[in-house]
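Both complexes below contain chain A, partnered by chain B and then by chain C.
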Partner chain A sequence: MDLTLYVWRQNGPEEKGKLEQYAAKNVSPDSSFLEMLDEVNNDLIENGIDPIEFDNDCREGICGTCGCVVNGIPHGPQEKTTACQLHMRQFSDGDSLTLEPWRAKAFPVVKDLVVDRTALDNIIESGGYTSAYTGEVGEANQTLISKPDSDYAMDAAECIGCGACVAACPNGSAMLFTSAKIAQMAVLPQGEIEAAERVQNMTEAMLNAGFGNCTNHYECEAACPKGVSVKFIAKTNREFVKALAK
Partner chain B sequence: MILDGKCPTGPIEKTWDKHRFDMKLVNPANKRKYKVIVVGTGLAGGAAAATMGELGYNVEAFCYQDSARRAHSIAAQGGINAAKNYHNDGDSVYRLFYDTIKGGDFRAREADVWRLAQVSNNIIDQCVAQGVPFAREYSGLLSNRSFGGAQVSRTFYARGQTGQQLLLGAYQALSRQVKAGTVDLKTRTEMLDLVVVDGVAKGITYRNLVTGEIESSWGDAVVLATGGYVNVFYLSTNAMGCSVTAAWKASKKGAFMANPCYTQIHPTCIPQSGEHQSKLTLMSESLRNDGRCWVPKRKEDCEKAAADIAEDDRDYYLERKYPSFGNLAPRDIASRAAKEQCDDERGVGPGKRGVYLGFQTAIDRVGEPMIKERYGNLFEMYEKITDENAYKQPMRIYPAPHYAMGGLWVDYNCMSNVPGLFVLGEANFSVHGANRLGASALMQGLADGYFVIPYTIGNYLAGVKPGEVTTDHAEFKKSREEVTEKTEKLLNINGKRTVSSFHRELGKIMWENVGMARSEESLKYALKAIPELRDEFWQNVKVTGEAKGRNGQLEDAGRVADFLEFAEVLATDALHRKESCGGHFRTEYQTDDGEATRDDENFCYAAAWEYKGEGKAPELHKEPLKFENVKLAVRSYK
Partner chain C sequence: MQMLQSSIGRKLVMALTGLCLVGFVLVHLLGNSSVFIGADGINAYAEHLHALGPVVWIFRIVLLSLFGLHIFFGIQLTLENRAARPIDYNQKKNIRTSFGAETMIYTGLAILAFAVYHLFHFTVHATNPEISVGVLPLDAVGRHDVFTMMVLSFQKFFISAVYVGAMVTLLLHLSHGVQSLFQTLGVLGSKTLPVMEKIARAAAIVIFVGFISIPVSILLGLINL
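This part shows the complex of A and B:
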């Protein structure tokens, strides 16, 4: 199949960017979206044009490195799918695709489709952990955790930190990302002890990093390639109120 | 040279405890004076950096990804082994030790493997304390499943994302230390040289992948945890950025490369669908708990849809060949068996390079919802890639390069032959011998990072004056100049072929001649073809862009250049090892029914290769392997 691409090209964080038009020819429907970009880049290199820079690594949908906005939707049209797991059979011959980087104040563009997501790491650094030192921490089965609680924690922990939720949010909020970690830790006995401090520190770090706040648009959940639920945001709000009462 | 692994002596059960007591300590006030460099933030590197930070060392950690949370450990699906014996099914530290030695086809050091088995239980405790959401029973107790090469259930898991959850645990511990100021984390940096001063590792030179600057950093010790090298085959289950570069640069500065020919070809991956393909995707070994591998009994049936092949016309070849382990035969054996069926022209799917992994029997037994709970995400991933529903029809799978058992040579302390250079996780060669068992990579990464290096680095640093050599030293300037020159050289060739076309061609040479089956003839061919391709690369590669700023093509070019050198050592090692063992299968050395024939008389050693300069053959050094606890025996899973 043949497609027309409109790709955001921007040389650096301080430079102006613009959309450039490229042709993607003879694309196999079995190839992934990123493999389609590989082929386009090979053509660009052969024609002496600098290839499109895009972040990617595992290409299995788990590392959270890849992602761009495809026709207005983070990671493209297929539900619960990262850009690397999106396959070209989802598109039709003759389609036009507009490719843009995640757009959010907290994610400055590095080059083309590559953005700087250090702000997400800063949120985790502010409290997204239990303060357990490595060493003798007690036998694993000493603390029982009910299966529903454990499953709830795992549902939250599935977040891959790609930032699609931020790109989808009209406020550029990282609330889904932040609350997934808060909720995972709050429901587990190991994390409960520091829950009050954690929710305050992490939500504050989120705002300090330049992310907006949550006003319940739920675009984040729709864009999340792992289907992380907004119920964790509700849990976070509850944890926040509980922390204030302490 | 005969190498000494410096293993402690005495009863194996006491070796690690005794060694821990014998090692020197650095007192807490003095730890602050030392600086340690850690390259790589996967399970081994992330855990090491976090733990050494907790101990009070000044740690500087480097990774090429944009965040420490993204190292390829994250893609491990199935699980992590530990000898907890929660199931009362006969497990013990000794059994995990035994299974790992046997699984590695008697090509690993006993003492190292014992230590791994011993600390395996601490790892599970530690991860639970971090809030890793392992799968649990309704009782609230931790759940287990089985993996290949073992007859007990000792694998802990978090759905199909165990590696992700363990890595996030390590990343979060690391983030806590970044916040505490003990770890200085430098993301989007790639190590391009090891700086050695008077024979001792004292720092690294790296490229800042955002600005393009070539910079250096000093450390009283350097820890490499930079993963494996199977992207030398181009198509593999590794991430796109995985490379041999850091290890190879260390090798060029004197560190020995051990057993590079031990590469793991994983039996259950989604087959290649076309020329566009950039990587192969693994389907977790855990699927073989419930999935059954089969091909049609008759060649004529290969074109039929799976559903049209009657039960009696199916050959469940693993169950037939290995009745006691069945579908849970170890990886090397399961891979070769799949290849054997396809070579017999009974493969299925495009190009007939595939076998079925069917779940109908399991669905009939426990129902589709249970299978969905166990493997749902894997079935989804399979459908996204192949457009096929594996609940309705069997998966098609084929072996693919997955893991490197070989790596930089290290002694019992995880230190290479270059003093001050430590190597952890997949990047070293230590515990898996010639074949790694499933769910053991996560165990090794975390064992090295959380429970080995924090002790052994103290023993080394106790004899080092802190901060004696810093980046002012002339060797650092020289190193930066050399790296800059190499970068310029790559950019100035301005030839006609893309970097990826060279990588693809190298991969083809390696897969066809140094892959699942190797012969003297194929290896000699590879040893001729690789240098030719390398010469062409340096004449005709086209690297676009500039040295400054982000340049993905330049990054790839450097990695492919290193693969083109390293591949020759891999093939040389494979040619010299005139036996079949584990993942190294030489067609000349097999039994009548196609099983590997080991030669313990002549090859019961680790082969460590010393780099001797461009265009020169590497020099072989040997470390003899002694088996005092597990008797050398023919490895049978029948």
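This part shows the complex of A and C:
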């Protein structure tokens, strides 16, 4: 199938960018979205045009590196799917695709569709750790964790940190990311020691990085390739109230 | 970090003041609906309110503070949220959010403008003095004649239209605000959130229908002098 691409081209963080039109010809419906971009880049290189820069790594939907906004939706139209796992059979011959980078003050564009997501690392650094016992290895069953709690923590830990929640949020807020990281530790005994500082420090780091505030649009959950639930935002709000009481 | 500088702290202020303001709106609606009993109903209700004396002023000051906090942080958070995306998308498709959620700042400011007008109309008697000042003094049993003021006011199509328009903005504001405040207060989970979204919309519609039933009944002549 043949597609028309409108791709955001921007040479550097300080440069002005704009949408450029390219043709994607003979695209196999079985190819992935990123393979389609690889093919387009081959054509561009043959014609002496700079290839489109886009982030990618594992290409199996688990690393959180890839992602761009496809026709207004982060990671494209298929639910709970990263851009690398999106297949071209989701589109039809003759479709036009607009590709844009994640748009947020905290995510400056590095080049084309690549953004700098260091801000998410800064949020993790501010509180995404636990105190650990050192010394001898403890008993295997020393710290018991209930099945519901461990499931809850695992659901939160599904977040791959891709930043689609920020890209989708009308406020450019990183609340779903931050909440998933807070919630995954809030229910585990290992996370209890820093619980109060964690929620305060991580939400403060979020604000300082230039992300917006959550106003409960729930666009983040809808765009999240892992379906991370906004219930973790409610949990974070409860953790904040608990921290205030201390 | 100070409660009033943090992201969640300010949201909690929005949620708690919002909850109180919804409570006020409900009480106001209940009070207003005494107009359906006739002059005896609403004039007696107004008489009771004024008989509270200083309590009325305490109530007014608390209400004003709630409004002030809600408006101040609403504007501040909105400005921060806009600054968080300096370059907008050429194409953005929202999947989950609602028109009410996207227009909170506009419906909020519209409600503020209406509230000011509403006070000038019914409390200060400045906007339609020919109705309020002329009639208000006393009814047959020596009470402030709120009933006549309401009927004469809403018989004017323009006043009723402004009122109904304002209630549409309140409907939109509450359709998002009510569920949002419970999410912010952290009382919702993944099963209760969709239920609360429905309850919130239903509550917003009930409040809307309740408020507009008064001008509509007066315009249709169901309530008259």
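Everything that follows uses one rule, which is that the second predicted complex is superposed on the first by the 240 of 246 C-alpha atoms of A that agree within 3 Å, B and C clash if a C-alpha of one lies under 4 Å from a C-alpha of the other, contacts with A are read in each partner's own complex, and residues count from 1 in each chain.
Criterion: a residue touches a chain if its C-beta (ideal position, glycine included) is under 8 Å from a C-beta of that chain, and two chains touch if they have at least 3 such contacts.
What you are looking at is a predicted structure, and each value in this text was computed from that prediction instead of being measured.
Comparing chain B with chain C, more residues of chain A are touched by B.
In the superposition on chain A, contact of A:Asp50 is made with chain B only, not with chain C. Once the two complexes are overlaid on the shared chain, A:Glu60 sits against chain B while remaining clear of chain C. Of the two partner chains, neither chain B nor chain C is touched by A:Ala23. Shared-chain residue A:Thr81: touches chain B; no touch with chain C.
Within the superposed three-chain model, A:Asp121 lies in touch with chain B and out of touch with chain C [touch as defined at top]. When the two structures are aligned on the shared chain, A:Ile193 is found in touch with neither chain B nor chain C. By the document's definition of touching, of the two partners only chain B reaches A:Asn42; chain C does not.
No residue of chain A is contacted both by chain B in one complex and by chain C in the other. Those residues of chain A that touch chain B in the shared complex are 11-12, 28, 30-32, 34-36, 38-39, 42, 45-46, 48-51, 53, 55-65, 78, 80-81, 85-87, 89, 110-111, 114, 116-118, 120-121, 124-126, 128-141, 143-147, 150-151, 153-154, 157-158, 160-161, 184-185, 188, 190-191. By the touch rule above, chain B contacts chain A in their complex via residues 47, 50-51, 54, 65-70, 72, 74-75, 84, 86, 122, 124-131, 133-142, 158-159, 161, 163-165, 168, 171-173, 175-176, 178-179, 187, 210, 239-241, 273-274, 276-279, 281-282, 380-381, 384-385, 387, 450-451, 454, 498, 500, 542, 544-545, 549-550, 552-553. In the complex of the two chains, the chain A residues touching chain C come out as 6, 8, 19, 69, 71-73, 98, 100, 103-106, 168, 170-173, 175, 199-200, 203-204, 206-207, 210-219, 221-223, 229-231, 233-238, 240-241, 244.
Residues of chain C touching chain A in their complex: 1, 3, 6-12, 77, 80-97, 101-102, 104, 176, 179-180, 183-190, 193.
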